[in-house]
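I'd like to ask some things about the structure below.
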Amino acid sequence: MSSSFNGGVKFSLFGESHGKGIGVVIDNLPAGEQLNVEKIGEFMARRAPKKDGTSTMRSEKDIPDILSGIYEGKTTGTPLAAVIFNQDQHSADYGNISHIARPAHADHTGFLRYNGANDPRGGGHFSGRITAPLCFAGAVCGQILSSRGITTGAHILSIKGVRDDVFDPVSVTANQLETVKKRLFPTISENAEAKMREVIASARESLDSVGGVVECAAVGFPAGVGSPMLDGLENIISRLVFAIPAVKGIEFGNGFECADLFGSENNDEFAIKDGKIVTKTNNHGGILGGISSGMPIVFRAAFKPTPSISRPQNSVDFKTMTEEELVIKGRHDPCVVPRAVPCVEAALNIALLSALLENPSIPEV
Amino acid sequence: MSSSFNGGVKFSLFGESHGKGIGVVIDNLPAGEQLNVEKIGEFMARRAPKKDGTSTMRSEKDIPDILSGIYEGKTTGTPLAAVIFNQDQHSADYGNISHIARPAHADHTGFLRYNGANDPRGGGHFSGRITAPLCFAGAVCGQILSSRGITTGAHILSIKGVRDDVFDPVSVTANQLETVKKRLFPTISENAEAKMREVIASARESLDSVGGVVECAAVGFPAGVGSPMLDGLENIISRLVFAIPAVKGIEFGNGFECADLFGSENNDEFAIKDGKIVTKTNNHGGILGGISSGMPIVFRAAFKPTPSISRPQNSVDFKTMTEEELVIKGRHDPCVVPRAVPCVEAALNIALLSALLENPSIPEV
Amino acid sequence: MSSSFNGGVKFSLFGESHGKGIGVVIDNLPAGEQLNVEKIGEFMARRAPKKDGTSTMRSEKDIPDILSGIYEGKTTGTPLAAVIFNQDQHSADYGNISHIARPAHADHTGFLRYNGANDPRGGGHFSGRITAPLCFAGAVCGQILSSRGITTGAHILSIKGVRDDVFDPVSVTANQLETVKKRLFPTISENAEAKMREVIASARESLDSVGGVVECAAVGFPAGVGSPMLDGLENIISRLVFAIPAVKGIEFGNGFECADLFGSENNDEFAIKDGKIVTKTNNHGGILGGISSGMPIVFRAAFKPTPSISRPQNSVDFKTMTEEELVIKGRHDPCVVPRAVPCVEAALNIALLSALLENPSIPEV
Amino acid sequence: MSSSFNGGVKFSLFGESHGKGIGVVIDNLPAGEQLNVEKIGEFMARRAPKKDGTSTMRSEKDIPDILSGIYEGKTTGTPLAAVIFNQDQHSADYGNISHIARPAHADHTGFLRYNGANDPRGGGHFSGRITAPLCFAGAVCGQILSSRGITTGAHILSIKGVRDDVFDPVSVTANQLETVKKRLFPTISENAEAKMREVIASARESLDSVGGVVECAAVGFPAGVGSPMLDGLENIISRLVFAIPAVKGIEFGNGFECADLFGSENNDEFAIKDGKIVTKTNNHGGILGGISSGMPIVFRAAFKPTPSISRPQNSVDFKTMTEEELVIKGRHDPCVVPRAVPCVEAALNIALLSALLENPSIPEV
């Protein structure tokens, strides 16, 4: 029951939406890894709210203050801690703490879980803001992966049914991943972007919100990393991805589609290409028996529509136990998916570095 | 990188398909819990191969030998270990260990991961057989949940597109769960059963296999259990469900469907019913912010078609690095889904008991 | 391999002696616990350097900045993070990073462990400064214990052979523990204090240092908490106490002395007193089979003399691999023991709260 | 709160003294390590009761049945499980379960901890018998260490004040360790053996028992392995050593003696010898900052006298809450120390392999 993860990489997240600061301590990183702090900032900026109408108007600068773990530009190998001090909090918006549960939020479940003692302002520790330190950790892990020739990337696969192109699970390249993730609105197809922006704008205008799907991939990840049973890549990635609020589903490779196929259709035949073992198709999403096959790792995560909508909703005041109408004020994203893209990528980065570090090889004596 | 789990409940799985024995050590169970060993056997029998053409003809009696942790019919509170000795191994079928990778199996990834030292016979530790001790652990946890009024159950939601009815996410009852899970072929609709049996029979005849989806639910689970971020119910359940070989996707509540909805459609409004806070709909699947809401917990897991099919397949000998045609011999399930139903339920049982035990309440001094 | 602990209480320490900040994230604390921030400060002040000649002249204000986890004066139940920003760093003292290993320090072992990438300034993460956030965590846990009637305390048992009185292992009281820990120089006997101060002063004058033993106890801790084997109270306490640099030994109850006794002398006979089961003697130190007996918990930790002494020492430059004479500059404690007293107490506080929280009781449904 | 350990090596112990079987699952072992099962048996035989009057007359054959994790003589890399079926149980000796707490045993604390549901026969899971699977795990880890040139060994340093010679902390050799551990009564000095045997015989005759100290060492362990703070070698070793019932203290290097020294006496000066950095003395016991220095690792553990003595003792019936005289029947070791020697070594073996495996090196991609 905690906000920490103890794999090959260990990290501990902290902070509440309207508290003094949020952050993360990352432990067990390899020593001597060159980190580019500016690029960490660029990664985190991908998660920051945009001024293009797709997200909240809150300005979250989210500049992380690195307190330890880096010396002369490199990881020390001892814990790396980063803090983001909260600034633009507008607590007036949340002035009188309401006990009317916001539908699809954790107000009521959190109240029960913590006997009413949790910080309720802006969702407290349940806030999507805690994905900022998650992205910090993901950016750090991503740079270490990158220095080993491993590239990860994600894009918006769909928003309320409007679909982008897909990553080709066999031939997606590092370049494609790098290209799409640099886009302000990360889709492969510009046409899809335009339509998605329309859907989002329309939802915002009607005081509503929309959900979507993020597709994420890794290339260059070596074959033979991971484990069967409890610590396979799917186990770790899914555990980390569900740390992102609003995720309700995850699938690897062809995912739920495999349930409708014959084995003869779904099985990926092996072949030799350029002296390496590959599969001709990649329905398995680069993972067999929890272990990487050397093919691109591909998965998708489903995000529900932003729970906070400005329309009146029926609800319950869980202190007075009376039914009440609720109108949520404040600034909210009409769609969290664009900002969720780097979060999913961060989860993957952490999972992959973690798995690499857990390979139990005994160093030479 | 391990086959162990360290939540509120801790367990460590072991064994290889054709080794001497498989089993599990479960640690941290509450003391003094009455266990019905016969009912554990019934739970495990649901996973055993059936003689009705839907599964392998191997007879896996799988009678667990409980070595510790139970005294006078109750849990001692110290580790509970159970072993299933392998008997019907037919290692002749696997006589000359082939290094031709079976498509969609972990032969090659396992070989790489363990530098060729893993037990290759029948998949070794990657075998579906290791779900037998998982079911044992799930049966134990299920009985403890049951004594607290918590009921879990699962059914085959679909097999290659043929769909069963669904659990009503708002009103599914303990009775319905108990009823469906006692069925030899666990579907809600007998009509669906008939059609699914046809699909499986037809796949078997054409030396092929089929996949499907399992839907699983819990009722009676108290609200307020779980955690935000890394140890939420979705994180734990998904980590455990992905321990079952062949799972390629998981979704909670309305899952991937939520990605196509407006917030105003997807949000579950709160209401008061019989003096308790409920939601009118249950798109959230009983989990908000990683914490139980008191509504039924509902999720689905997608299973790929059995990788082992008797049709010739193209593959690669990973020792000689040559492309080879592969014909898999031996007896295999044309569809793992019926036998996977109790496995999914087991994963849920472990996750729920684990979450209950992790609620950090300080005992009275 | 990490600076984190994952028991009932989880925490992750970070920071380097001369980095930007040091701190701790504490996870899994029970929600709704009243915390007195001022008293946390008082606890930490006991660890701060004194101006009385017994410690370094560095002024470490060590005022912790609490970033999360407290709301309206109470624990939220979500992670509690605290940072101490480094101020008085005098990095000039460490200007040219020397690669001459300081005897009894971790300069060389740390260099090897982190491939030369760790922060060497002032010992980096190996510095005794990291016990400041340990004390913070211990102070927090101590307040929660205190609200349940559990009191812990420690004193200097000896410094270079000069001995204080001992806690009576059977009858030590909360009052005695509270009294001794409030003393500037925490001994039971004022006479012992005077002699110890002389020993320390004399060591400082001769550019030398001295070691000592800290004795620590808890009263009011309920019987029946802990576990056999790996997570017993002795296992946890010792693991935590060895996190304090300079500890080289730990013993519980009569400790090493028991090795010289007959069973008939060492066994603590049971009796009934005021309706409760007690032991007439307390050689077992309040722990039997890893579990609390209800008697006072008593243990001792041995501290080596401060490694940093100003006398010339023979050593080796591990970069050039040449033997060199070393003269350590800077300000150093002639004896760490007085400042170590609250650190040992902190380790005990964390261990005891952790054990209390791990009792696997299922909450009522 | 568990009988499992989750370091680089993971293991889970199970079993009760008079249950069906005891054993261990070891996870995360490197794959492809040659294991000599006969030598594992020899290791365990060192822990078995001797017929020479120093131990109980129970015959514990303790032949482990390896169920998984070894294939063609080598570790598979997947979990290795071993079971020892209990045979010679003489439950008649324990026929009517007494609720009179045996002094210095965990009868009462265990009863409280498990609400009276734990298996009380012969101490249940608290029994010293559970050190048999600990020795199995230690023997396995020891062979893997051995193949890397690392040798560990232990001897009886003292029994009730009768002292053996000590390992020279600077120059102890692998040969010396191998020699002493092969002795039936593992002392360095035959003279000491004779005197210790007398002390034990005399205790047995007077229906009493005696305690002692075990000294343990490792040579060949590479420098630079371990960590500061919570996962240092001292933290891990002590946590594992306290899993052995009857241990009441542990000290590294010169241990408690360091508390009486000046820094100038205690500091181990560095020098270069044969091109390697060494220390001239080894008060630090081969560990600085939690990390190995390359010098021999040396520590000592204190064992209390066997609690079970045949003399009448005063005690309490914790069910009836009345004071009662207790006379313990059955066969008991007058001194556990000779049989504890391989247990301490086993704890060290597990700790060292665990630390080696946790060095977070990223494999080449």
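Order as written gives the chain letters A, B, C and D; numbering starts at 1 within each chain.
Everything that follows uses one rule, which is that contacts are C-beta pairs under 8 Å (C-beta built on N, C-alpha and C of every residue); 3 or more make two chains touch, one makes a residue touch a chain.
As the structure is a computational prediction, the values presented were derived from the model and not from experiment.
Comparing the contact residues of subunit C and subunit D by number shows a mostly shared set, over half of all numbers used being common to the two copies.
Each chain's centre was taken as the mean of its CA atoms, and the one lying most distant from subunit A is D. Mean C-alpha positions place subunit A and subunit C at a centre distance of 38 Å. Averaging Cα coordinates per chain places subunit A and subunit D 45 Å apart. Distance between chain centres (mean CA atoms), subunit C to subunit D: 26 Å. Taken residue by residue, subunit C touches two or more other chains at 1-4, 8, 13, 28, 77-78, 113, 125, 225, 228, 359-360, whereas all remaining positions touch fewer.
Those residues of subunit C that touch subunit D in the shared complex are 1-5, 8, 13, 101, 103-106, 108-113, 125-126, 130, 158-161, 203, 208-213, 223-232, 234-236, 238-240, 242-243, 245, 247-256, 258-272, 275, 277, 279-280, 283-285, 288-293, 302-309, 311, 313-316, 318, 321-323, 355, 358-360.
Of all residues in subunit C, those touching subunit A in their complex are 1-4, 6, 10, 12-16, 19-23, 25, 27-28, 31-32, 65-69, 71, 74-81, 83, 113-119, 124-125.
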